[in-house]
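Look for chain A in each of the two complexes below; its partner is chain B in the first and chain C in the second.
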Partner chain A sequence: MLDTLIFVVLPYAAIALALFVTPYRYFKNRLDWSAFSTQFLERRKLYWGSIPWHYGIVIVLAGHLIGFLFPSAVQSVLSNFSLLIALESIALSLGLLALVGSVILLIRRTSGIVRAVTSYSDWIVLLLVLNQAITGVYMGVFARWGMEWYLHTAVPWLYSLLTLNPQIGYVSELPLVFKLHVAGAFLILAVLPFTKFVHFLFLPLDFLKDPPLLYRWASRREKKVVIGETKKI
Partner chain B sequence: MDVRAQLVMVFNLDKCLGCHTCSIACKNIWTDRKGAEYMWWNNVETKPGAGYPKFWEDQKRYKGGWVLKGNKLKLRAFSKLSTLLNIFYQPHMPKLEDYYHPWTYDYAKLYESPEESDQPVAEPISLISGEKIDIEFGPNWDDDLGGSPLYAEEDVNLDERRIVTNFGSIFMFYLPRICNHCLNPACVAACPQRAIYKRGEDGIVLVDQNTCRGWRFCVTACPYKKVYYNWNTGKSEKCIFCYPRTETAQANACAHSCVGRIRYVGVVLYDADRIEDALKVKDEELVEAQRKIILDPRDEMVRRAAKENGIPDSWLEAALKSPAYALIKEYELALPLHPEFRTMPMTFYIPPLSPVLAVHRAIHDVEEHEEVPDKDLLRVPVRYLSKLFSGGNERVVTEALERLVALRKYMRARNVGENPDEDSLRKAGLDAESAERLYRLLTIASYNERYAIPTLHREYLDVASSEERKGGKGFGISIGPRGGL
Partner chain C sequence: MRIVKRSLLAKSLFWTLAVMLLSLSAGVSYAQTGEELFSKKCVSCHTIGGGDVVGPDLLGITEKRDREWLIRIIVDPDSFLDDPIRQENIAKYGVKMPDLGLSEEEAVKIIEFLSQFAAQPSEATPEETPEIQLGDPEIGRALFIGELRFTNGGPPCVACHSVRSAGINGGTLAKDLSDLYARLGDRGVYGALKSLQFPVMKDIYAGKELTDEEVAHLAALFKEASETNRAKSDIYPLSGIVVFLVAIGIATVYFRRVG
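Moving on, here comes the complex of A and B:
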């Protein structure tokens, strides 16, 4: 029953929410789409929280994605045992970095001026990411070779979700900590459109190719947004 | 030639009395909101002083503006790659305390307090957290303290500290500041989300509140620190040059309310093709390079090129009457603020002569001489002014001061019935006719002479999006900006 909830109901509900509510919020009102940085108010703790957290989690999350997208290629890479040990150690240290960062970020919210500007949604966001970091690091330490078994359990189960034929047999025998990790991940997806999690949907990359100056002309209808069309400074 | 039009403001520092009416007018209209309490889109500083936010001119600290590396203009703070790498934390951004912690007073206590032997006191409370705070710093904390070593010494433009410790040589004047709506805005270039843009028609630089995601690179990049982060909406905001007013030919709130009538607003035509070249010169040559790309609206070729570029006739008409063009280019009186930041700022300042009757080292001599002193005797050192307004070029500052002094001497002689000295007028590059015009412009000019603002053409307005915005309150006021759960 609990397995069905975590591995079937929650994922589909979360994906539905993320898929439909996110564009709704995007088109309805973007005035509150922001990363809601509080660095302006408090920067010392943020430095030690935000940087470890983000650099840790971005790389670890990218690892999850690569494993999901190219399972067979990753499998062949991991068949080299020393490489597996190396990658696993790197992943664990990045996980620890993220864990330390998220704990600092959480502590930072409990006092001073930052507490005064903290909303419920900030607490939900932080507790969810802390859960991911704790359960992730726990598995890294006590359920070794996660990179390897991830490919044979979670990945096929995720594909079965995608093909609308959920096979929870792949994952139902795994320990509780894994289930917490999965439940947390889909809860994050579920609350994504309602919280500042939306900020990871808009990693800015356009500016890399743009010339620096951006003009907007109301009078030139044919090209309302003209980016530095005459001057490339 | 790519002719474009820009609305430009000129400040006559000779007349600024430091009353802060402009700041209050701006505050009441635009930044009287949660998250914007600490923002002063228009502020008035006492110079010498550290300014607002503290030390904003010190680019070693805040890394604002552009630098010329070889033959390339680069943002001082970030390359594109380091923009991405620093997206989780901004190392050079000013913090709240560099501006000031906004506060109010707990007035309820005056009513709720039980009967006691002492009077109840309304204690200061933070406008952000609501908790009691000690007020240690505020906007204009150093107002009028330009002569005090404590505050004046913090001015980064002042290389001769002795000046502020020696009572006989202290000086001060006011510096009102708004966003400069630069031709090469660093904030626009720094925004990774591409939320900041320059309006093609009038050159006003705006932050698109729908696109801004609060990465705050603009706050770092602007060397004038005139882009502000709203901690409540999580987005950046800045002076909008009162575009809802200028679009309908009204003067900006700060200019309109100016008691000293120190402000002028008008259209200036410039050649966008030559901006880059004009910025790739030595610091001392920047003012003159900028003057060169400002075009004469009487020139037939300029007018033709302007029309081809879609600049409407009403704007060309306004450019002819522009007080800004007259003060910046014709009489070369008005200078840009810190051109060496290389953003090519488009607000200009007429350097102050005052106090005319209290000259350096000889406070009351002038009255005895019954004359306007020579520019060398002026109390505000030319060197200091050149650090503010000309990238260290003392000649352009001196020329402007000489012109002002010559004009004063000439008009004084006329008023007291002496023989006006047209020779010194000519030496300063003026004649009787231009002196008359300049005198009028600097003293008794009426509203329409000081503000020659053409309306934005209605056919340019994006009707669809204005319908969309109808009833909206902008800046996220109508919506709980924290969003979500």
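Moving on, here comes the complex of A and C:
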């Protein structure tokens, strides 16, 4: 029954929430709907948290998506066993970056002025992403080669969800850590329209061509500080 | 503004839970039938009328053995290993029936399910069991690691399994198959690969069964693996940790420049 909950009920509930609440909030009150930057309050931990987290997770997430969209092409690529090991090594390193980043981001929220501006939803967001990083890295190390078995278990199950004919046999016998990873992923989707996860929907592609922002600090120092990473919603 | 955010979050959690509970109420008090139990716990080693594989074919078993004996071997197989029938089977198949953690109630359900399949007048006589011919271990290796694709599109074994004694550092989601041949022998390996009725595998290989030649090549690989030890050192996951450290190094240099 837990399997039905994780692999059928939760995904559909999450997709429904994301599909229906997102446009509702978009048109209702867009102004209180933001990733609420805290970059002005604290920068050092933000760099070591946000940069590893985002570089890690964006590429890993893209990998999940590519495997889902083109399973047979990816299977052909992975038929080169040395290439599989190389790609898995890169994926593991990205997973570790995401893990370290999410831990630092969580620690950053526990003290000082950043804590004062932290809401419940920020904690939920951080705990959910930490869960994804921990379970993902755990599988990378102890249940390899996930890149390959994902194509033959999770992917056909996801397609069965899309065709409204859920086949949980593909995934229901996989270990608990996989179920935690899946449950976490769909919880993220479920809370997306209510939390700062909404920044998924605003692809920050313009950042790539923006010049770095120039901050002038009024009190502390005269030196010009160029910040490579900026937040803009 | 904070209040608005919190109440929205609370609402969302409430509705998610409500939807989940509603959809669950449809499936509550769902007990497993004998057939479901059989397909979960028994099919990896037994068929009903499909011939002996890892363990004996169970067609007509309820007429052949008495009910108490069947309950006992399902519920507590380790308690009567000195039983003559069991000793004969252990000698014949080379493996003993494992303790699957089933209750007596579940055993009764399975036996009731099995009792629907009465013994047919035997057409397929035991002598007709196919001759096992082993293939080429090198082709078996290429199939195992996915360099050669299976004809019917099944996933390569290496995604989840290793054969370390043959130098294949494969997946660790499922068992290392180095001693598969030593445990099961020709017939056992052949039967297991033909049926693939194991957890997870039974679904992902449904309609993608291995061909006889593929089974023969893989069996040859497993035989070679059981006789040699060509274990190779494993660069993963150390390789991943090294790439991670390099990335952190780059981030440090970049931070010094912009920070």
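Methods note: the second predicted complex is superposed on the first by the 203 of 233 C-alpha atoms of A that agree within 3 Å, B and C clash if a C-alpha of one lies under 4 Å from a C-alpha of the other, contacts with A are read in each partner's own complex, and residues count from 1 in each chain.
Going forward, a residue touches a chain if its C-beta (ideal position, glycine included) is under 8 Å from a C-beta of that chain, and two chains touch if they have at least 3 such contacts.
Since the model is a prediction, treat every value here as computed from it, not as a measurement.
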(request) Quick one: classify A:81 as touching chain B (first), chain C (second), both or neither. (result) second
(message) Just to be sure I read the superposition right, which of the two partners does A:96 touch: chain B = first, chain C = second, or both, or neither?
(response) second
(request) State whether A:50 touches chain B only (first), chain C only (second), both chains, or neither. (result) first
(request) Go through the superposed model and pick first if A:5 touches only chain B, second if only chain C, both, or neither. (result) second
(request) Examine A:121 and indicate which partner it touches, taking first as chain B and second as chain C; both and neither are also allowed. (result) both
(request) Please identify the positions on chain A that touch both chain B and chain C, taking each partner from its own complex. (result) 32, 43, 47, 51, 55, 119-121, 124, 191, 194-195, 226-227
(request) Flag every residue of chain A that touches chain B in the complex, lowest number first. (result) 29-41, 43, 46-47, 50-51, 53-55, 112-113, 115-117, 119-121, 124, 191, 194-196, 199, 202, 204, 206-208, 210, 212-220, 224-227, 230-231, 233
(message) Could you list, by residue number, the parts of chain A that touch chain C in their complex?
(response) 1, 4-5, 8-10, 12-14, 16-17, 21, 32, 43-44, 47-48, 51-52, 55, 75, 78-81, 84-86, 88-93, 95-97, 100, 119-121, 124, 140-146, 148-149, 151-153, 156, 167, 169-170, 173-175, 190-191, 193-195, 226-228
(request) Give every residue of chain C touching chain A within the complex, in rising order. (result) 1-2, 4-6, 8-9, 12-13, 15-16, 19-20, 23-24, 27-28, 30, 145-147, 149, 155-156, 158-160, 170-173, 199-200, 202-204, 235-237, 239-244, 246-248, 251, 254-255, 258-259
(request) Using the touch definition up top, name the residues of chain B that touch chain A in the complex. (result) 2, 73, 75, 80, 83-84, 87-90, 93, 95-96, 126, 128-131, 184-185, 188-189, 191-194, 196-201, 209-216, 229, 231-235, 272-273, 275-276, 279, 310, 456-457, 459-462, 475-476, 479-485
